[in-house]
Amino acid sequence: MSDFIISEIKRDHILKLLCEGKREDGRGTADIRKIETIVGCIESADGSARVKLGKTEIIAGVKIVPGTPFGDSPDVGVLTTGAELIPMAHASFESGPPSETAIELARVVDRGIRESGMIDVSQLCIESGKEVWMCFIDMYALDYDGNLFDAANLAAVCALKNAIIPAEQYGKGKNRPLPVTCTPISITSVKIGNDLILDPNFDEEMISSARMTVTTDDNGNFRAMQKGGKGSITRDDLSLCLDRAVEKGKEIRKIIG
Amino acid sequence: MSDFIISEIKRDHILKLLCEGKREDGRGTADIRKIETIVGCIESADGSARVKLGKTEIIAGVKIVPGTPFGDSPDVGVLTTGAELIPMAHASFESGPPSETAIELARVVDRGIRESGMIDVSQLCIESGKEVWMCFIDMYALDYDGNLFDAANLAAVCALKNAIIPAEQYGKGKNRPLPVTCTPISITSVKIGNDLILDPNFDEEMISSARMTVTTDDNGNFRAMQKGGKGSITRDDLSLCLDRAVEKGKEIRKIIG
Amino acid sequence: MSDFIISEIKRDHILKLLCEGKREDGRGTADIRKIETIVGCIESADGSARVKLGKTEIIAGVKIVPGTPFGDSPDVGVLTTGAELIPMAHASFESGPPSETAIELARVVDRGIRESGMIDVSQLCIESGKEVWMCFIDMYALDYDGNLFDAANLAAVCALKNAIIPAEQYGKGKNRPLPVTCTPISITSVKIGNDLILDPNFDEEMISSARMTVTTDDNGNFRAMQKGGKGSITRDDLSLCLDRAVEKGKEIRKIIG
Amino acid sequence: MSGHTDMVLVNDEGLRIDGRTAEEKRPIKIEAGVLSNADGSAYLEIGKNKVLAAVYGPRECHPRHLQDPTKAIIQCKYNMEAFSVSDRKRPGPDRRSIEISKIIAEALEKVVLTELFPRASIDVYIEILQANAGTRCAGLTAASVALADAGIPMRDIIPAIAAGKADDHVLLDLNKEEDNFGQADVPLAIVPSTDEIVLLQMDGNMTREEFDHAIDLAYKACHEVYDVQKEALKKRYTSMKEEVDSDE
Amino acid sequence: MSGHTDMVLVNDEGLRIDGRTAEEKRPIKIEAGVLSNADGSAYLEIGKNKVLAAVYGPRECHPRHLQDPTKAIIQCKYNMEAFSVSDRKRPGPDRRSIEISKIIAEALEKVVLTELFPRASIDVYIEILQANAGTRCAGLTAASVALADAGIPMRDIIPAIAAGKADDHVLLDLNKEEDNFGQADVPLAIVPSTDEIVLLQMDGNMTREEFDHAIDLAYKACHEVYDVQKEALKKRYTSMKEEVDSDE
Amino acid sequence: MSGHTDMVLVNDEGLRIDGRTAEEKRPIKIEAGVLSNADGSAYLEIGKNKVLAAVYGPRECHPRHLQDPTKAIIQCKYNMEAFSVSDRKRPGPDRRSIEISKIIAEALEKVVLTELFPRASIDVYIEILQANAGTRCAGLTAASVALADAGIPMRDIIPAIAAGKADDHVLLDLNKEEDNFGQADVPLAIVPSTDEIVLLQMDGNMTREEFDHAIDLAYKACHEVYDVQKEALKKRYTSMKEEVDSDE
């Protein structure tokens, strides 16, 4: 990423617009981009979703397979979340093992899903201590124009909501939906100068100093947060991020059903 | 390999000779080099062979050990083929994990052995679903002067024909030969200009545009093919490759017994 | 390490002092530095020790867990020794998988412990062929001022002498000390010019040509040796190293109890 | 190629389990220009295969030591999504992916005018979203369209398709069941304008006659795929033109 | 955060299993300048956590391609010793360590005057000798002291501490049991002079009210930790001065 | 070194399981110049060990940062073929191989005139085709011959052999059973012209007396191995001369 430098002209342009509360693509500071979802698009997956957030596009697939539980939680299913920033998605992404950016992304999405109890893992036991359902969520960035966090969260959440436990394939009873209890939604803001804007695109992300992601559950409670970036946010900024996460989370839950 | 550039003078010389149907080392375009095999040379292996094809030299060893079968084939033994292009063999080979060249080599040899049914893997079951014989074929290039494909195939095939299942060592009954059903032989041609020549040496390989490997079984049926290289071959070229693979395969089967 | 070049002035100074049998820090050629040990400093470990040898500092921790024995020794516990030369300890150390220096270090310490029979591994069987205690010794260099070998040996030995088998935690009976039979001590000399000096510091190590480590047991018998470095030693040098290893080993055994 | 013969893959009427005749390929669909960042891209479905291809370049070649002072190099990464196959695939390249990446890059070398871009790299990424036999051909077919979409000068576009053998019948474009339980698979890629072969593999068991028949089927189908490729690119140019026009 | 409620983590008198009140942090101890090779170093204990931090730099940046011509980069490695946790940890970085290293480096960027050292690298190493919940905050707190000990110009020193929730109580500085069986964890790091937030994470389940309360507790405790950091540095300077004086 | 004493390794007549006396080494055979591409090579058998060594260089040093402006560096890779031992060895370097590679390279440094080739690399590859105890000595012995075969200027050629202890006897050149069930192993390599020690390891249990005896045996045997090395090189030069002569 270090090679990607945004021109001074573009930077000035974005900053100038922000002074007037405007953004390059016509949005206000608290507007998020159009969300498009194609759910169930991958038959080889047990759950899948392809999500566009503006021009950022991510595909997530869920595979559910029988496996051995962890020793300290013999009755509980296992969730694993991975993200790949494949070079298809952006000229700055490289092949190879996940970068620290990809790892942070996967872990933040994972925390939102895990901590919200979105998946009732207690219902994923096949035989106590012996066998549980293991749920692998794999996300691939296909096109990157900023705000991977929220796009990845959406793709993973939609794929999970759509997922079927393939019990029949393994002779473990009837197929049934993955037990989903809520819809965790993450809302990411970045700080540019003294402004906080929602759902940044690539250019905005490049000139931002700090990033704040807040994930809420259906009740508007907080389930996961992650401050990123080399800058700081004030406590007032934080407060605004929390307010917006609750409000926008509600809106998005309506959109994705 | 990219650093290895053959001189223009040498290139011209080879091309000029080819116009007259001749080659540097006196062979005709459809001649293969002298094959020398030392079979059973490694006592620590369950089967082994050191093969020279002209100055190209490869050693192959087979180790046969009890292991767990794959879930979808509980009664069937397992074959695994690996090739290492160790830096001993040529100044262009580097230490480290197998290069894409080494991987292609191992996979093409593997396909010839596997698809021809050379080893009757149904006879390698020890206890259904529990234990089968796993057969590891490891090949090491010792000296590289072109046409690793055919040399590696010969080394692997000779090592397998010579292999003994070490059943006694594991308390699994009497030692017995690995059940071999046929002798797959690969024949490789390369295209230089408009000529197709068999069994290229290093210099010929360097100036060739495309490579075609064809593996036949004892009946002259086709079992594996691989086109390689950045050039193309015509359908007539292909036809010639197929004819030669059948004919030369027969000859080589006689040589190696 | 290759980047670390010691100045000619320093080199000359050290050599000049050595002509008079003296060393930079006031020691004689056969003197070792002050040893400070803090034993049992890590509660999360089953045994631990932080050892300073002059300004060289190493921490070692022991973890003892139930595991599967090796097939050819079903009644015998397993020892595993690792060393990490983390970049905290010296500007020449790099992150990443263990360097060849770290591997040699771990293996020489391992040999002293293993070959002296310091740990009576026959007493580490839980259930024959099924379960034995596995003893992991992990060493981390925290500050490096020469002679990692002896400092690491001391840290590992002190940590082992202090270790408790956490049997209760795994429901395998009462906690009990790791069965220790003796105290292997390694003594390292380096050759500078024609002189052999004990326990070199960093500067001395940098200008030395060869290194000789000798590990003795409580009886003064030899249990492990390792010559290192690009230079040679004479047979007389070796004899002196052996004499000193016995004599200094005795002294150190008294210090660490 | 297990060659199990207890499974009926071609019925008495000569029809295959998905209803196709022996010489029929699966439905194919190609769309060019589907991604915004890549210099060129294409989405392809053939049967149940779903494939994305993207091209970046010509651009600076990394790592440097791979640069060729006389021409661009083509670097290809063929990658299967973890969820694209029945059993979850561990992320990262395996030996199969490495081999396929190599032979696809070599096939593309024949048609790209690499000599126009010395020292550069042309990077081709193929992502298999859903796999159902024939992904290497699907990937190469899509990559060719993505290269054209990227505006990279080419001698021709490469179509690819496999023929094979199952239940003792020579069949075009094996699906997953035919591939798993069949007797032979022959992926082929050609340069349509000259009928030269740029990719060819074979595994299984075939007589000369069967093999020649398979190649005949595959050649013919390659030309059909070629038409779909050209159609996709035409559509792409038309829609781009419309965009430009409507902008004016 | 399992949120198991069958374990009593706060008793009827409002006391926690280690005897602390809800708003009390664990005993903390910091010593600066504990290593001889590193340019700066610090040892920190908070509760049962034992942490070493070392700083090298500003020095030449490796690998080169990470160099920034306008400023120094901060590279941080957070690493847990194999024996620092109940189950032996395999040596080498895992995903958790990589994430923590990243967010600690980002937090430090805010206060270090990196612009004074173009192209350089400032390398921060954090070794967790013993872990008992709160190691990322402990590591960042120690790293700040090590940076100051190394004489690297900084706008301020960063203290960090976590607040959280267990047994439905908002608690400061969770210990291992509270972290394992509690309901939420909120690590926070601030710039004390401006109260800006440079590190903030949260996981678990909290209402807005609970969260605000947690942040209040953490802010207050950060300022207390800050005092301990300054004290450690003062002591270090004093002892260095004494050494110098006694040398004269 | 398990030191199991229930296995008879030396019988009442002082003979070992392979019929040797205590002071006898296994039959040894060396052939120089066995490979065509390498600049120098040697094949060695001692007892059931089969070893190939090859040398490339002096040549350009990769990676660059290892270059020494004052002399050539020696890089050594000791590698065991997967089938060289009873249990199949996974390909790739393990910790043992890395240690052996290091100490062999260090031993060779003493005799190669590296100062004649600043910035260059001399690469030594040792492949263990079949292992039966003593492979590091066999590898170093073969590598020395390969270096000489490559025409690299050397102060002397290095022979190496191990002595050890089994059944309470000091023995020369342990075979696999003696190594597995014996009590000590002492690999030694010397510079014959000066009797300097360039490689020495020991593991097991030995008194000073036993150790001195073992070293005496190993020294003597090193000089015998040295004769075999020289003989192999003489034969190589003779045959090369014959080739040249017959070409004229």
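Note that the chains take the letters A, B, C, D, E and F in the order they are written out, and that residue 1 is the start of every chain.
The rule is simple: a residue touches a chain if its C-beta (ideal position, glycine included) is under 8 Å from a C-beta of that chain, and two chains touch if they have at least 3 such contacts.
Computed from a prediction, not measured in an experiment: that's the story for all the values here.
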{"item": "Set of chains whose contacts include both chain E and chain C", "value": "none"}
{"item": "Chain whose Cα centroid lies at the greatest distance from that of chain A", "value": "F"}
{"item": "Chain at maximum distance from chain C, centres defined as averaged CA atoms", "value": "D"}
{"item": "CA centroid of chain A to CA centroid of chain F, Å", "value": "58"}
{"item": "Chain centre separation (chain A, chain C; CA means) in Å", "value": "48"}
{"item": "Cα-centroid distance, chain A relative to chain E, in whole angstrom", "value": "27"}
{"item": "Euclidean distance of C-alpha centroids - chain D vs chain E, Å", "value": "52"}
{"item": "Residue list for chain E, restricted to those that touch at least two other chains", "value": "none"}
{"item": "Touch-based graph of the chains, sorted into line, ring, star, complete or other", "value": "ring"}
{"item": "Chains in cyclic order, anchored at chain A, direction fixed by chain D", "value": "A, D, B, F, C, E"}
{"item": "Residue ranges of chain C in contact with chain E within the complex", "value": "41-46, 48, 55, 57, 59, 61-63, 65, 82, 84, 86-91, 95, 97, 136, 138, 140, 142-145"}
{"item": "Chain A partner contacts - residues on chain E that touch it in the complex", "value": "1, 65-66, 68, 95-96, 98-99, 101-103, 106, 109-110, 186, 191, 194-208, 211, 215, 219"}
{"item": "Chain F residues within the chain B interface of the complex", "value": "35-38, 41, 48, 50, 52, 54, 56, 59, 77, 79, 81-88, 91-92, 123, 125, 127, 129-132"}
{"item": "Of all residues in chain A, those that touch chain E in their complex", "value": "2, 98, 100, 103-104, 106-107, 111, 114-116, 212, 217, 220-235, 237-238, 242, 246"}
